[in-house]
Every structure is written in C-alpha cells, then in structure tokens.
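Both complexes shown next keep chain A, but they swap its partner, so chain B is in the first and chain C is in the second.
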Partner chain A sequence: MALVSYWAVISARFRSLLQYRSAALAGLVTQIVWGIIRVMIFQAFYSSTTTGQPMSGRDVETYIWLGQAFLAALPWNIDTDLRSLIRSGGIGYELVRPVDLHTYWMSRALAWRTAPMLMRSIPLLVFAFIVMGMAPPATVAAGAAFMISMCAAIVLSSAITTFLNVTMLWTITGDGITQLTFGLVLIFSGMLVPLPLFPDWSQPLINAMPFRGLVDTPYRLYLGHIPASDLPQHLAHQLFWILAFVVAGRIALSRALRRVVVQGG
Partner chain B sequence: MPQIIVENLVKHFRVSQRDTGIFGALRGLAHRRYETVKALDGVTFEIGSGELLGYVGPNGAGKSTTVKVMSGILVPDSGRCEILGLVPWKDRSRHVRHLGVVFGQRTQLWWDLPVIESFDLLRDIYRVPRHEYVKNLDEFVAVMGIESCLDTPVRQLSLGQRMRCDLAGALLHSPKLLFLDEPTIGMDAVSKVAFRQFIKRFNRERETTVILTTHDMNDIEAICDRLMIINSGKLLYDGGLDALRQQMSFERSLVVEMTDAGSPKVHPAAQLAMMNGRRVHIRFDPKRISAAALISDFTAHNDVDDLFVEDPPIEEIIARFYEGNGVG
Partner chain C sequence: MSVVDSLYVYGRFLTVSVRAQMQYRASFLMQLGGRLIVTAGEFAAILILFDRFGSLLEWNVYQVAFIYGIVNVSFAVADALTTGFDLFGDMVKTGDFDRLLLRPRSTALQLAGQELTLRRISRLTPGIVALIWASTGLDLHWTIPNAALLVASVIGGASLFASLIVFQATLAFWTTETLEMMNTVTYGGVETTQYPINIYRPWFRNFFTFGIPLATVSYFPALAIMGIPDPLGTPIWFQYVAPAIGVGVLVISLQVWRIGVRHYLSTGS
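Right, the complex of A and B next:
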C-alpha cells in the first residue's frame, strides 16, 4: 500500500484544521490562564508541605506548562467531522475509497491531534519560557528523548482517538465513551496531577495503563526525572499500547462494517 | 459477459420500534421490539458494459440499498453480486478503484478546503497518474463550467456548483462504473441540464457504465436507455423507456392551434379534452385511430395554424405504473 494516499489525507486534514485560527487563539488564552491557576495551586501545596515530595516544585511547574502546551494532543474527543459523516450517512463516501479504512482514519486522527497542538504549543511555550520561567530540558539527551517519546505519544493518542471514532459506528454519538475516556486520560496520564505524586500503592497500576505514555513519560524524560538512557523501555511501553489500540480498532472496525447500516435512504 | 451480475439479492433491516410517550420509552429500555424491513427481496438483473441505466422507485423502495450493496458498503443477507468479476463487499478495496459514486445531498469534497485541494486529495487516494489527472481535470472544468469554483472552499459553493464539482471528483480516476444516487435533488434547471449532458457525454465517450437512481423522471427521459423500477424490494420493470410508454400509455394528445376560436369538429374515435381560447387538446387512443389519420381528418374539417402530437409526461406514466402495481 503506497503511503502517498495516507500522507495526502494527513496533509489535507492538517491544512483544513489550520483554518481554525480563532479557535486556536481562544484555546491558547484559556490554556495560559488555566496553566497559571494550576501552577498557583501547586505552589500553595509545595509551600505548605513539610514532607519530601517525589518531584520538586519547579519540576512540577515545568510539567504543568508542558501539559498546557500539548493539551490538544490528548485523545480527549472524537473527530466531529467523522461524527457528522456517520450521522448523515456521508460515511458511505469513506467506504468507497480504495484505502484501508483504519489507516485512513488514523491518518485523519494524526492530523487532528497534531495541527491544533502545533498552533497552540509554540506560542504557549514561548510565553511559559519568557514570562513564567519554565525550565529547558534537563540535558540535550533529555530533550532528544522527550522529542522521540512525544512523537510516540501523539501516535498513541491517534490510535486511541481512532478507536473512539470506530466505536461511533455502534453508538452514533460517541458521547458516553468520550466522556469516560476523557476522565481516564485526564487522571491517569498525569494531566491533572503529575503521576509521581500519586500514592505509592497505585504506581504499579498506573504504570501498566496506557495513559502515562501520553503525558507523563515524555514530560519526565524532559525533566530528566526519567533518565534518557531509560528511553527504550518507556518507548516499548508506548509502542505496545499503540499496537494494542490499533489491533482493537481494526477488529472493532471490521466487525462494525459487517453490520453497518448507513443512515438514511 | 455482463459487467454487473445481481442474482436474488436479499437484504433485511431490523428497525427498532418504540411506543410513544414516556412509558413507551421506558418499556423500550427493558424490551425492544423490532420490525423487519425487506429492503431487497430477491432482486435479479444484469448490466452490460457502457449501459446508462435509470433506477427508479418510490421512497424506501430499495434503490439506495441496491446501490450500497453494489458499492461494497452494505453486506446483503443472501444472493449474489459480482461486478467486474469481484464481490463488492469482499474485495472492497479493489472493487472501488473502478468505481465512482455521487450521493445526492452529501458531498465527498472536504468542506473547509478549496475544491482543487479535494481533487488533489482524491488524486492521491486513487493514485491517478499525473497526466491522466491533468487531462481529466481540464476536460471536466471546461465542460462543466467549474473553473471559477476551483479555488473556493466547498462550503461557499451553491448546491448546483457543488454537485458538479462532486461529479467531477467522482470521475477523476476514470472509473469504469459510475453510481449516481439521486444526484439532481434540489438542483436548478440549468445545473440539471449541464449535469445530465455531462453524464451522457461521459457515458458515450468513455463507455462508462452509469446507474442513476432518481425521482426526477426528466433525468431518466433525458439520458437513460434502460429503466428499472423497484418497489418493496422487488423489481417490477426492467426494459426500455419506450416499451414502458407503449405498455402504459394508451392515450396520446393532439394539441392544435386553431385559426379562429370556436368549437372544432373532432373525429368520433377521438375526444375533445380541453379548449383554451384557440388552443385545443384532443385525446385519442392510437389503437383506434392513428395520429396520421386523426390529423388529416382534423385539418380537412377545421382551419388550423399549428399542431403537434404529445405523449403523456413520463411522470404520469410512472405514476400510472405505480398505481397499477399497488404502490401507494
């Protein structure tokens, strides 16, 4: 299968998403304000705690700003264009393309997770560095490991998004599963509270789950909290879950297509 | 060998039923009732290469279901369907490479992107060779008059423009088959004519097989050689439009522009249907009196400025056919 088809999908989707500039600006402002609030909450916590914490206050702040910058890359919603296609029956057009549907949808998801993130992350990071005193990567190696892990995080996010999109073929709206996933992602990725601050007994469970690969793994590599030399095993964790969601998505899709009813006439 | 073979195709849908009111809704939670709708109830036909076929039937007759099965979108419950030697839903990816589809009221173009970018995307998805793409695009743009649309985002196009662009998009990869599912719905007269002419032309020049489902009988009359009528999942008619006309229409009309107003003398085998000033409509059954005999009789007894013979409109023929076959 030639990759050119899928690359074309990614790039077209990317370009069409770049048109939503005012949404990006609004998102940027919201995420900055939200970031400041979160930072203040953790500053209050760190100034009143007396016991040693597994992460320094300054690391937590950087972790938070990374989270705000890359928020749009999380699998927190379903592809609304795809939803309207499924609702209107326009999905028929997706099925008459000579492409592998799962790969095609995952290409869409990749663009959907990347374009808004890029539009927001760069100005937000600039702001965080200059105004909020966010720290640079711990070392050059940490920076490189972060980049690699972040790429895997986006692919993982796309695989989860595609899986959510596929479930819409059953549920039509996808609202329920999205809210459920959103909750899980928010808590167990580290987006709400950095994962090292979770109780010790919960760490094995959190480590096994796929969601830390979205946020916690790349950010801690950035901080040097996970040494860059440990990248392979963390990357393996991310890749394992990417594969798991892709396989699950493919199975769900092929089953859905056997029973699909294209809405309307 | 026929290009499309459909044999005894059956597709049933289960539609969930709910009682009205809040108690009905609650009951529906515990115990759902289903009703089976027979969308296709044993449909059989063959279509040869290069045919231009009209497929009509009332709403819910099974037209779109047939098209969706042939497109590989729906899997039938039973029966056989082979297109160019492939089973659409089993060899979906290979099958759709030769297929162009236009669903009316929906678009395959990307809503936010200029039309040309959607076309480029389709080129990449179908991996159309560059020279073929350029040749097709130039031709379609010229013939359909969509030059000015190319750089406009799809959402800003009028329906007529969008459907023409959609049709162009469906043909960029030079498909051997073209399925059009109610493409002319909502289009203005000019767009409809342009649309039909283009389909006819493409069908003739490229020998593309075209299946056109529609409610607009003028679409059929303007371009189709063959007509299939379906209702309740069963094929009721398969043949030429003229044959249907002969089968269904017993009466024709002679319309005369008289020199002076006043009661004309009409042959006893025919009857005066309507008078409107100097214009007179005379109904006759060709089996009782031929058009030629009626005209010569009429002109011998009356002063006539102009006259022509009219067939009943196709709409009326189909409506009469539906009535005769218990379609209500």
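Right, the complex of A and C next:
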C-alpha cells in the first residue's frame, strides 16, 4: 500500500516535468556544443603524446558523450518547489501527509533526476552515435552492467539531492551548500576529466569518495574499462553511499522537524 | 550627462548592491566557496591533463595557464558588470523596465549598475592566480608595451563578452524573452578560448576568430606578450591591435541597444 503512494508521487512528478520541452531543446544544443568542444580538447591532448595512457582517446570520447547525455542526472540543484514551500510555510502540509517525509521527498527527487535526463539523453545519444561516432557498449554484458550501475547512480544522485533539500530547513535558501556540493561533484565524479586520467597518487582518495558512483563507475562499465564481472564490488560502493546519504538525510530531517517553526499563516 | 557624473552614479548603484548582499553573510560565504571550487576545478582540470599528457601540441602548461587567465579575468569582469542585462528579459515581461525609462540616466548605465553580484567576482580568483603562476613560470618580461597589452587584452575581452550579453538582452526587446541559446555562445566561448585556439578544427577555430572574435582578443595578444610566433601565422602588429576589436563590438552593441530602447513597447502589465 505504502509503495503505491510513493509510485504515484514519482509518476505524477514525472509527467509534469515532461512538459518543459523547449528548455530541453535549448539544453540539448548546449550540451552537443559542449561535447564537441571537450572532444576536440582531448583529441589535441591525445595527439600530443606517444606514451600509453590509462584510457584510450576513443574511450574518452565515448565517456564525454555519456557525460553530456546524462548530465541532468547529477545532483546539481535543489527542488525549488520545496524551497517555496519552506519559505511560504506550505511545508506544514507536507508534514500532515500520511507518508514518510524522507521517502516522499526522495521519490520526488527520483522523478526530478530521471525525467529531464531521459528527455535529453535519448536525442543526444542518437546524435552522438550517428554524427560523432560514439562507440556502443563494449559487450552485451558491459551494456547490462552499465544499465544496472546507472540506475544506482540515479538513486545516489537522488539521495544526495534529498540531503541537500533537507538542509534547506536550516538555511532557507540552500544555495551555498548546493554550490559547494556541485563543485565537488563536477571534479570528483569524472565530469571534468575522466577519473583514470587523474594522477596515480590521487586514485585511492578518489575511489573512496561517493562521487565516482555518479559518473565514472557506470561509464567505465559501459566501456568495458571496468570488466562487467567486477560489477558487484562497484555496485556495493554505490549502495554504501546511497545508504550513507539516506541515513544522514533522515537524521538531519528528524532533527530539523523537532524544532520546525511553520512560517506564514 | 557627463562621464564623471555617470561614473559617480554607477559607483553608488554598486555600493548599494554590495551592501544588500552582505546582509546574508553565511549564505553568501558558502556560495562564494562553492563558486570558487567550480572555477578552480576547471583550472585544476588543465593541471591534471598536463600532468598526464606533458604537453598540448606545441603548448606547455604555463602558456595555456596564461591564456586561461586572460580569458577568465575578462569574462569575470564582463559577467560582474552585466548582471542587470541577464535579468532584463524578466524586466520586459513584468513591465519593470518602464521604471528605468522614467529615470534621468541612460538605461544601459542603470542595468549595468543593477546588481554587482560578488560571487561572480569569484571567477576572478582562479584567473588571477593562473596569470601570476604562468608569468613566474614563463619568465615574462614586463616591459611597458607588454603590460599595456595585457591590460588592453583584458579590456578587449571583457568588452566583447559584455557586448554578447548586451546583444542577447537586446533581442528581448523584440522577442520579450531572452534567448537561452545565446548562453551557449557566451559560456561555450569561455570554455573554448581558455585553450589555445589552434588546437581546434578549422571551422570551429574560424567561428571564434572571425565570427564571434573571442579568441582574437585574447589569444593573439597573449602570443605577443609571451613572445611566441603564431602557429597560425598572424603578423605581430595584428596581435597588438586585436583587443581594439572587442571595444569596437561593444560600441556597436550599445548602439543596437539604443535602437532597441526606441522600439520598446511596454507589455503594459
């Protein structure tokens, strides 16, 4: 019974988000241009070296296009609807709903991370395959491992988003912590530079952090750079961090609710 | 109105804006920190790639950092001074622009002084750090012509970025909403021109050299200051006059803006 209500939240939010089509088109063009620029920069770097690299130039190109396709799945902003609820005092209604608040907010976040991503990723991937010569998954097993890991990446992103949303109960705007988090996500997920190209000494540190589960893990499974047979241990890393953010979010939420003051009347 | 008077009014606008932002100090500091991480991350990416690959075609890390510095300082200056133009689309929609027309100062001046977002200035930090770091590594000779050319290049670059933002806002006079697509050119331009322009394919290079000359106002002066002959073969005199193009485009864009103001019909709401 409870599951049905969370599913209803996800699908309602999903359908409302699919309405923003012209924003999606503008975003699509931007991301294609971005992808082309980044591909050219990496091609120039690869043509400057003759020594072996931890990742081939062609793999990096596919990695970049995957990054552009699934950009919208990253935890890069906070739920502005929730923010206005917190500002206006409408948050009071959220508290009387007969559902678990954290799960409810996380359901919203799941839809919010998935709908825009799907709208952008499909046309972008079609373009990248046909025009830019993006490679398909290394093997069928790699493709399957990618799909599983990508789902975990979206859940991880939603867990981080929900945690950021919860912090708004303290800060009202939430802009500061979101900016900080997004900065860390950009660098340590692999969005700016694929993680295998980072200096060797930094690899253990990067591997321990949660952010590679958003980008690097699924993309390298796609490329076969991480063999599909290694999926369990990488999935375990993603699940560990999902759990960590959910627990942190729940603790923060229950603390905040103990002292919540509903504004507005 | 005299120039001195304009500058005075402009200074007053900015002071008010800065004071308003400092009212939310904690949030402001966190935003500043976040912005710093994002922009520093882009610079870190360059360092990581050079650590891995050693060189970028004929360029070493200091030369690229120098170009990166010029472009980012230029963009930071332009971005901080044109926030009002970013908000302009909304002002047309709500009719708020009408209020600006009633005041006895030029609309461009009022918009430029609308808001000086301090966090936008955070983009200056990595740019300046990159410039200083690069000039120690490059053993540059800071002769008067070189220093003047650096300043001219930043002014030229900032003018060109500002004119793009003004152009984008001007379109709103006719379309009533800002065209998001223009952001692709502006931000894509930053992303592109922070690397030497000769690394790109010719069609793309030509777009940012002749079409929207963002590379022209930063890349060519940088070559002259660093004393490197251009791999693309431009003469040295051109590298010295290139920044003027940016200022020229800004003057044109402000003229187009005036035409827009004359054609402005309030939405009436």
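Heads up, the rule we're going with is that the second predicted complex is superposed on the first by the 262 of 265 C-alpha atoms of A that agree within 3 Å, B and C clash if a C-alpha of one lies under 4 Å from a C-alpha of the other, contacts with A are read in each partner's own complex, and residues count from 1 in each chain.
Keep this in mind: a contact is a pair of C-beta atoms (placed from the backbone, for glycine too) under 8 Å apart; a residue touches a chain by one contact, two chains touch by 3 or more.
Please read these numbers as outputs of a predicted model, since none were measured by experiment.
In this overlay on chain A, chain B fits alongside chain C without clashing. By the document's definition of touching, of the two partners only chain B reaches A:V99; chain C does not.
By the touch criterion defined above, A:D175 reaches chain C but does not reach chain B.
In the superposed model, A:I36 makes contact with chain C only, not with chain B.
In the superposition on chain A, A:V9 makes contact with chain B only, while chain C stays out of contact range. When the shared chain is aligned, no partner comes close enough to touch A:R58: not chain B, not chain C. The superposed model places chain B and chain C at 90 degrees from each other around the C-alpha centre of chain A, with the value given to the nearest 10. Within the superposed three-chain model, A:L186 lies in touch with chain C and out of touch with chain B [touch as defined at top]. Between chain B and chain C, C contacts the larger number of chain A residues. Minimum Cα-Cα distance between chain B and chain C in the superposed model: 6 Å.
Chain A uses no single residue to touch chain B in one structure and chain C in the other.
Contact residues of chain A toward chain B in the complex are 2, 4-5, 7-9, 12, 15-16, 19, 81, 88-90, 92-93, 95-100, 257-258, 260-262, 265. Per the touch definition, chain C reaches chain A in the complex via residues 24, 26-31, 33-38, 41-42, 44-45, 48-49, 51-57, 180-181, 183-184, 187-188, 191-192, 195, 199-201, 204. Here chain A touches chain C in the complex through residues 23, 26, 29-30, 33-34, 36-38, 40-41, 44-49, 53, 171, 173, 175-184, 186-187, 192-193, 197-199, going by the rule given at the top.
Across the complex, chain A is touched by residues 13, 59-60, 64, 68, 71-75, 92-94, 96-97, 99, 101, 103, 106-108, 110-113, 117-118, 120-121, 124-127, 182 of chain B.
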